[in-house]
Every structure is written in structure tokens, then in C-alpha cells.
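Letters are used for the chains, namely A, B, C and D, taken in the order the chains are written, and counting of residues starts over at 1 for each.
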Amino acid sequence: LRAKAPASAGRWVVSFPFRDTLRRMDFRSDNTHGCSPEIVEALARAAHGSVSSYGSDPYTDRLRERCRELFERDVDIFPVMTGTAGNALAIASLTPPWGTVFCTPEAHIHRDELGAAEFFSGGCTVIPTDDLASAIPLAAVPACVSATNATESGVVLDPAAVAELSMHRLRVHIDGARFANAVAASGASPADLTWRAGVDVLVFGGTKNGCMGVELIVLFRRELAQELTYRWHRAGHRVSKMRFLSAQFEAYLTDDLWLRNARHANAMAARLAGGLRGVAGVEIVREVQANIVFVRVAPRLRALFANAGYDWPLFGDDVYRLVTGFGTTEGEVDQFLAAIPSS
Amino acid sequence: LRAKAPASAGRWVVSFPFRDTLRRMDFRSDNTHGCSPEIVEALARAAHGSVSSYGSDPYTDRLRERCRELFERDVDIFPVMTGTAGNALAIASLTPPWGTVFCTPEAHIHRDELGAAEFFSGGCTVIPTDDLASAIPLAAVPACVSATNATESGVVLDPAAVAELSMHRLRVHIDGARFANAVAASGASPADLTWRAGVDVLVFGGTKNGCMGVELIVLFRRELAQELTYRWHRAGHRVSKMRFLSAQFEAYLTDDLWLRNARHANAMAARLAGGLRGVAGVEIVREVQANIVFVRVAPRLRALFANAGYDWPLFGDDVYRLVTGFGTTEGEVDQFLAAIPSS
Amino acid sequence: LRAKAPASAGRWVVSFPFRDTLRRMDFRSDNTHGCSPEIVEALARAAHGSVSSYGSDPYTDRLRERCRELFERDVDIFPVMTGTAGNALAIASLTPPWGTVFCTPEAHIHRDELGAAEFFSGGCTVIPTDDLASAIPLAAVPACVSATNATESGVVLDPAAVAELSMHRLRVHIDGARFANAVAASGASPADLTWRAGVDVLVFGGTKNGCMGVELIVLFRRELAQELTYRWHRAGHRVSKMRFLSAQFEAYLTDDLWLRNARHANAMAARLAGGLRGVAGVEIVREVQANIVFVRVAPRLRALFANAGYDWPLFGDDVYRLVTGFGTTEGEVDQFLAAIPSS
Amino acid sequence: LRAKAPASAGRWVVSFPFRDTLRRMDFRSDNTHGCSPEIVEALARAAHGSVSSYGSDPYTDRLRERCRELFERDVDIFPVMTGTAGNALAIASLTPPWGTVFCTPEAHIHRDELGAAEFFSGGCTVIPTDDLASAIPLAAVPACVSATNATESGVVLDPAAVAELSMHRLRVHIDGARFANAVAASGASPADLTWRAGVDVLVFGGTKNGCMGVELIVLFRRELAQELTYRWHRAGHRVSKMRFLSAQFEAYLTDDLWLRNARHANAMAARLAGGLRGVAGVEIVREVQANIVFVRVAPRLRALFANAGYDWPLFGDDVYRLVTGFGTTEGEVDQFLAAIPSS
């Protein structure tokens, strides 16, 4: 979540009306991009005819089958429109209202979702920590570990790292807003990055990686499906014309569109980072493993980077985040690099 | 909400996986239809380029302007994917957690949303009643009247009927899942059916009437906009690529698509009702004003009607609901009428 | 809940500061009385020495044993300070957040607790109805029947009537704010009025019948005990010095204090009703089975009855409620009867 | 909150039934003590006669007047039974559901209340931090600072330290479970420690310091009183026979009972700490300012200290907490000191 706030107050303010125009050299987020043509085509095909609503349709049936192949086991699926919805619904199904959920200090569920997990779960506690082993024993009712992969820092967790999260005998949720980027970068299989490493539920992102707006809750614990169905419905996230979410995700998983898009985004970040390395006044402050580049820049470059990306105070003063996406072109990257004045 | 339940238990059960095929002569609901080609085209046009996320985009700006013209005054807008989301967010902004919300016994918020209003508001009480004047004084903290227009019974409220709802000095919410049908049927202006009649917030439906999936919360009380923005976001209903919701609704309001679709649906219901009148064994049990027809049928016709529509126990045994939509053709109506055996 | 409200608005208003003095001939409620001397003595005895907090104390242990004898089976107990707390905690343990709870239109949980059940359960729906058999099949997720015994109307349910409530295969909660009055009036055993008739949880009232402030959640389903313990604690209802609640209830159950107090209150209501019968301008509008008398009075008597009791619009215009308690004396009753002017 | 938990899992487990006996040399908590005789006497006096319920009684009126004198200004008061209730209700009135509340890592609201603040507020985020200035700007909607005085570490905040908490332009809540100990130790006035230092609401503890069970929410912002009244009632914390809470607190404030008890408890802690200083194998790890002593002990002493107090892993291995109370005698302290074996 990024909204302009008064520097002094730290408050999250939303002003109406918004003003914006189409942008070029836009590395603010992977959600400023449009969508892949395959997604539009799938929606156009799905626009005809009459099918049952609320998920009882052939599109959703086919998507479920496709997921069962991809994850190499039985799964239940719940398409939703946003990552916040997916995360909050998933976490609510993994913790009682009095439970504690552990995440990293930079986790989206902690920083950017305005307490959605607390709201959906009926008041759980979310504790940001970099030290699970110390934090868990201090909690009254430890319930769930929530991790993001690829992380908000642009780091990719491999199967061993995911498995370590599940060593604490708590339930495990993966915020996979950039799961495709993690699979593309790690080369690990979806199964190895999830249930084989102890994950209970994955929110498999589509929106940031070429879809119009769909995230898929992939549930690996069948016994939670009925309850999650109720939560999904009463939260207003079970859309009536579900074919239009399922058709998007089906197209996304067809012919490896999800992986092709993610590989491209990752490659663009690598290209951008490669170009930034050695530029005077630019320091790359996190290893670039997926599609995000964090840089600390000299004062003379701040306006340029502030326009192209977001300032990122969590990682320090003068730090900016640049994100590439499926729609980023080599030309945009090169144009941005060329725009950096040499001292 | 319609899911097959064991007749004896009355429980709402969701079974996985769902089975369905494309249907013909489908009068189950207006959400079994696909979407209008204008909507697909608008989405295709919006798929390109980079814009700000979360509503700071030109599509949403234009939609807001368009709404201000349509409603003849300043409004704030909040696009969401589902009517349940729109209703629950709107109601939560009109009642404190300890308030009472009044609706009709057949209201969607009462029957079909699994307690979404109670959830989003932090535990409000929802009281179904046909007698507002008697019910309101008995409540501890009366807060809000919620009405549907066109109603779930297919009745259209005219401006005077809406104004009567606002006589109780409570806040007023309109569930406008079929608002277009109400405007088309009544001939009243959107302004006359809402804020001029005392309405505080309208959930203006698009999904049932030709969109893929978008409902628009139209807020007539500016002072509630900031809080509603927070609620919208933390409920996971503020989509990042909002252009794809706004573009749908913009197309919906362009060249009167919304009214054309609604008029067609209403006309198909009239055609259907006209054909059913006088058929032996069929009794029309509610006046047909919009796009819904309720009939009580003789035993020999039950299987036919159960297949075409839904049984509707709220209105009595052997009662079925038939809904027409923007996608219903004259041919389908006539084909269905022809399929009714004459004793 | 009774607070003076502007007649026109029906709103529940609380004004500060309150003004009151000690009253005589007070039939407003059984919670305007003080407490029995045995309760004070028990508290005085418990005031000494050091014991574990939060329920791990010998007072609570003894109370649990005493309850097991009284109910003729194993039970778990959770002392709380108020009936609202007891009811809301109990109901929250019997319904999921998306469930529907059924009660009577006059139920305290519906009229007087400001949505406590909705709040504690995470947003359940509470439906007031006099016709369970019709209402249950219409609900999406029927979860729980909540009944009061003796009822808010002063009616006593016998074991057969309670058993009928549990015929619907839903969980059953009894609001026993006046459970003692029901036992005293019916002569049925606590076991026969609860678990043997299918009740899952009873809130056994002490406050209205001679205690200072304690209600006992008596849980007949052991598998819900752990979860209820968490709910109890996080709602702030698990008092640290629990001995002071347990000691009250232990004294209440000792030497039949609870039954003696209830029999007295019931007898005083019978005496009051007996005196009112045949008085010109007074009509008893509900059968008097416990300690509440509802009367419709002629205009000339309204001021007198409004001062002694509460007006009760739920039962019609000019209806007043008179409640007797453990502290009501024959003298007070007779004095009130004598104060009624004979036309 | 202290319940025996399996060492490995860190889970908060409650087992039934509890076992305990009267203890001597009990430094586990100030809530293991009984209550002062003045409290019992006040309750005995209040046990007679009929008064209005829910706070409209002369006891509560007098208590409010007494508080206005004590705090040297107008205040609203809300008696409750537990600190968890007081804290959660107070915080819920200071933050929107989407707000962030900041507290210290050892705060009771964070460690011991099972998410009560999150529950009562409708899902706020509670962030434990020792660095307010850094944490506040990172939160989306900073709302409230919650501090404890005296703290859970036994530290006393003086007016300047409290005023510093209110420098951030957020609302300020004080958990005053040991407020009396803070006043006694600092010598500052109640007004200087609260509203004059920017505090919006205080939960003034009675239970730990000689009452049976009453905490007083003291509200310094009149405009929040109506809403807090609703919250108080629907949470089941507005007891019907409120005279029995108000009478306790009135007696507590009479003839400085609250200060006398607190001074005694503080003196006993000083005596205990004095005796422990210089004992081989015992290290006092926090400055002793109020009635709590934290010590790190050598292995040979662990059983003794584990029996007398609680282990306190938050402050490190082998650390124990010893708490004195109004009921602690010099003899008990000396007896405990004498029981420590000299190597």
C-alpha cells in the first residue's frame, strides 16, 4: 500500500479525487501494469452462454483439475480478486480468533493490509519478527506462520527455507503474490515450494503477473474447505460470475503463461540491477533474486528514483524500490538507465 | 444464494467439486448469464499501459465524473466485485457495531449473505420486518434501513416509496443489485430514486445486468468517504488494478447500456409472464414489475420449473422463481412456454 | 435493559450522571435488590489468604464439584459477572460466525444486550421468531436455539418444552437468568431442565436471585471447554480473583439458598397477582408462573404503575411489568396493592 | 496470564480441574491476595435496599464525584471487573478497527490478554515496540499509545515520562493495574500522571491492590462517553448491580486506602529486594521502584524461586518475578529470605 502521507505524521491518507495519467518508465509496482492478451482472450471466450454461478461452472472445474496436476495432489481452490482477500481468508482459516500469527517485519499482511488478517480472523494477533524461534514461545497461543514468497524484499525462498518455517509445528500460510517469480527464480516445483515443505495454504498470485485481477487460494488441507467456503462467501469474495476469475487463472496456467511472464519480469529486474551496478551514487541494498530492486541513491538522484519507483523508508533513508513486471520492456529499462545523469 | 441442501435439515451445504454444463432456457438467476460485448471491449482497451493502482487512475476518475452527471450531484464511488461486498461495506458505514439494521424478510442481506453485514459492521443486528414503524421503536439502537430496489420479489419502488423509508430518521441504504431494472421500470431518475428520496448510499449493480463483475458503491455522504476507504481496503475489496472494474462500469454507463440491458430483461419477464398467464396449473403470485416472475405450479409441472428456475419456499410450497436477464432471448422464452405441457 | 428514551425516536440513550435514591415498593426488576446475607458472609470468609488466581482455587474447585452433584453429571463451569457475558460467551461457543441463532421476540439476547451475541460470535445472525419450525429451514446456516427459562414473559418451560427446542438438531442454549425461579416453579430437577432435555449450555443466574453479581456458565459439552476458556479470558470475563465469584455461587447453592430465594420471589408474584385480580382497571395479560406480572392498566393508574415497574410496549400500550425478587416483602406487596385507588 | 505450558510448545494451555491450596510466602502475583476488610465492610453496607441498576445508583454517583475531586476535573467513569476488560474497552474507544496501537514488548495487553484489544476494537493491530519514534511512521494508521504505569517491569513513569508518550499526537491509554503503586512511588498527583500529561483514558486498578474485583475506566474525553457506554454494555461488562463495584471503589478511595495499600506493597518489595541484595546466586535485574522484583538466580535456587514466584522468560533464562501486595507481611518476606540457603 502506497498512498501519499504527510511526512511528519506517518498517517495513511487517501484523498479524493485521484489524478493520474498513463506512465512510462514505471517501476512503482507490478500492479500498475495492464494484463496479458491471453487473459483478455480467455475472458472474451468466457463471456458467452449461461453457467451456474458461485463456482459451480465448468471453468472452475477445469481450473481445479489443472491445479491438481500442477501441485501433484488433490487441492481445493477459492478464486478471489485481491491478495489482501486471499491472505486474510487463508490466515483466518489457520488461526483461532485468539491465536498469534507470525510474519516478517516487512510482510504485506503486517504493513499494507490495514489489519485485514485481524479483521477476518475475528481479532488474531499478528507479530512481526525476524526471529521465529524466540518469538513463538513468548506467545500465548501461537497459531500460524505467514511467509511471502518471493518476499517483499525480493528474496526467493527455496524448498528448504520454506520447510524451516514449518518446523515450529504451527500452520503455514504462503503469501504468493509473486509465487510465479519464486518458482521461476528457484526452479523448484510448486509442490516442493508448498505442501511438500509443510505449507497448509498458498495464495497464488495472478494479478501482479499478467492477470486482470485474480488470486487463487490453494488449500492443501481438505478438512478446512467447508469453513473456508463460508468465510469466502460472507466476506463478499465469492463472486457470482466466477467463471470470469477462473477463466483468467486457467489461461494463466495454460502454456506456462504464468512462468513466461515471471521469467520476463525477473530478467528485467536483473537487467535493471546490472545496469545500476557501478553507477556512481547508486547502491543496491538487497540481493536481486526476483523482480524487485532496492537501491540507496545519492541526493542528486532522488527525484528521478522517486518518480520511477517508491521511496522505502523501512530499508532506510534514501532507499527506493523499483519493481519490474510482465509488461516491462527492455527499452524501458534501458531508457531509465540512460536517464541517470553521471554525476 | 442457492445451493442444494438436504430438504429436511435446511442447511446450506457446499459440495466440491461442482458439476455443470452450459444451459439453455436458464431462468435460475441473472448471474448465470455471461456479459455484454461492450464490457469485454472496454476491458480489452484498458489492458494496455501503466496506470496508478488502487483507484488513482484515469478510468476511475472518468467514472466518478460520469456518476456525478448521472446522479446530478457530487458523489464518492467505490467499485467492488460483489453485491455482498457492496452491501456489507455500505451498511457498516451507516451503523455502529451495536446498531440495528432493518430490512424486509426477503432481503438478500438477510437471507443470502451469511451474515456479511454483521461481520463487516463488527456485530450489528439485522432485523427482518415488514412493519418498520412497529419494529424501530423496539430496537435499542436503531441505525439504518436497508431496502432493495428492484426488490427480491421483483417489485419496483418509486421515489415516493423510497422517501417513505427515510421518514424514520435513520440512515438509508439501497441494495441496487437490480437498480437498473428499477430505473427502467419506474422511469424515475437515479437522483429521484436515491438521494433526493433520502438515500445515503446506493450499491449500484452491474454484474447481474451485463457486466463481468462490478458493483459500484455510490456514497452521497461525503463525510463517510475516508472511513469507507479504510473499510474497503482492509476487507480486500479495493482491487489494485482498479481500472478493470472502473472500465466495466464506465462502459456500462456509456450509451445507456445499463438501461438498454435492463429494459430488455424487464421486457423478457413481461413476455414470460404474459405467456404464463392463463396456462392451466400456473399461478403468478407476485406482480411482475421488473425481471422476476414468481409462479405457483401444479404438481405435474414441478420438474419443468425446478429445472428452469429455483424453487422459492419463502413464498410457499410449489412456488418457483424465474429470472430473465440481459442475455435472455425471445426465443428462449417462447421455447420455454412451448415446453409447458397442456395438462 | 431499560433506559429512558425519547418516546418518538425509540433510541436507547444513556445520560450522565444518573440520579436515584433508595426506593420502596420497587417492582422494576429483580436486579434492583441488594443481596442475601449468606452471600456477604461467604465473601467475608473468602477475603483471607492467598490462593491461585484465574480459577485455580479451592473455591472454584468446590463449586465445580457441587455443580456436578446438582446436575447429576460431569460439567465444566465458567463464572462470570453478568448474564449478557454468560449468554454471549455461551452462544459464541455454539455457533460459527456465519451461523444463525434463533430466539423468541422477547428474548433478552435480542432486545437488551446491544448485539452482544453478534459481537462475541464474530457476527452471527440472531433471528427472533415464535415459529422455529418455519424459521429454521429458511436460514442459510442454522446453528443454535437460545431460550430463556423462566422466560422474559414470566413463563416456565417444563422439561418437555425444553426437549422440544432440541428437536431441531441444533445446539441449545438456555438463558437461565431466572433458572432458579423455573426450577422452583416447575419442580423439575436441574438435570431434567437442561442436559437431559438436550441443552448444551446453561447460564445459571445468581445475580437476580440474591447474589451480588455472578452467573455461572454450565457447559454440558466437554469438548467445547478449551475454546470457551479462551473466549472467557479474552473477553475480560475471567476474573483474576475468581474465588469471589465462586464463593458467592457456592453459598448460593448451599442449603438451597437459590431455591429458597426463588420460591419466595415466585410467591410474592403470586400474591401480587392475586391482589391485582379483580381490581377495576387492571388486567393481567400473561399467566403468572414465576416472578413477573404483566398488567394492562386503565389511564388513571398509569402513573402509579409506571413508578412501581416499567412500561412494556412489546406487550402493548398501557402494559406494565412488575417483578418481585428475593428481597420483596409481603408488606411491600400489600402496601402497593393498598395504594391502588378504587376508581 | 500464567498457565503451565509444555516447555517445548510455548502454548497456553488450560487444564481442568485446577488444584490449589492456600499458600504462604506467595509472591506469584498481587492477584493471589484476598481483599482489604474495608472493602468487605463496604459491600456489606451496600447489600441492603433497592436502587436502580446499571449505574443509576447513589454509590456510583458518589464515586463519580469522588473521582472528580481526585483527578481535579470532570471525568466519566465505567466500573468493570477486570483489567483486561478495562484495557480493551478503553483502547477500543481510542482506535478505529483499522488503527495501530503501540505498546511495550512486555505490555499486559500484548502478552496476557489473548488479543482482547484486537477483539474489542474490531481488529486493530497491536505493535510491541521499545522505539515509538521509529515505529509510528511505519504504521498505516497510527492511532493510540498504550502504556502501563507502574509497568509490568516494576518501573514507575513520572509525569514527564507520561507526557513524552503523548508527544506523538496519538491518543494515550494508561493501563493502571498498579496505578496506585505508581502514585505512591512517584509522589505525583493522579492528575499530573494522567490528563495533565496528555492521557485520554486511565484504567485505574483496584483488584490487585485490595479490592475484590473492580477496575475503573476513568475517561478524560467526554465526547467518547456515549460510545463507550454502548461498548461497555454489549461486552457484558456493565453489571446490573453496579452498586457492588462502585461501593468497592468508593471504599478504596476513602481514607486513602488505595495509597496505604500501595505504599505497603511497595515497601514490602523494597524490603524483599534489600534482603536479596548481596545474596550469593541472586542478581536483581530490574530496578525495584514499585512492588515487583525480578531476579536471576543460580541453579541451586531455582526450585525455591519457582515455587515462590513465576519464571519470567521474557527477561532471560533463570529469571523469576516476585510480586508483593497489600497483604504481604514483613514476616512472609523475612521468612522467604531466611529460606534461601547460603550456597
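As a convention for this text, contacts are C-beta pairs under 8 Å (C-beta built on N, C-alpha and C of every residue); 3 or more make two chains touch, one makes a residue touch a chain.
Predicted model, so just to flag it, every value in this text is computed and none were measured.
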Exercise. Based on the averaged CA atom positions, which chain is farthest from subunit C?
Worked result: A
Seminar exercise, completed: Cα centre of subunit B to Cα centre of subunit D, whole Å, reads 51
Exercise. Between subunit A and subunit B, what is the gap in Å from one C-alpha centre to the other?
Worked result: 31
Problem set entry | Multi-partner residues of subunit B (at least 2 other chains) | 1, 97-98, 114-115, 119, 122-123, 141, 230, 233-234
Exercise. For the protein chains shown, what form does their contact graph take: line, ring, star, complete or other?
Worked result: complete
Problem set entry | Complex contacts: residues of subunit C adjacent to subunit A | 96-98, 122-123, 141, 227, 230-231, 233-234
Exercise. If you look only at subunit C, which of its residues touch subunit B in the complex?
Worked result: 1, 9-12, 97-100, 110-112, 114-115, 118-119, 121-128, 136-142, 169, 313-314
Seminar exercise, completed: Counting only contacts in the complex, subunit C reaches subunit D at residues 1, 3, 14, 16-24, 26, 28-29, 31-35, 37, 39-40, 43-44, 46-58, 60-61, 64, 76, 80-89, 113-116, 119, 207-208, 212-213, 225-226, 229-230, 233-241, 243-245, 327
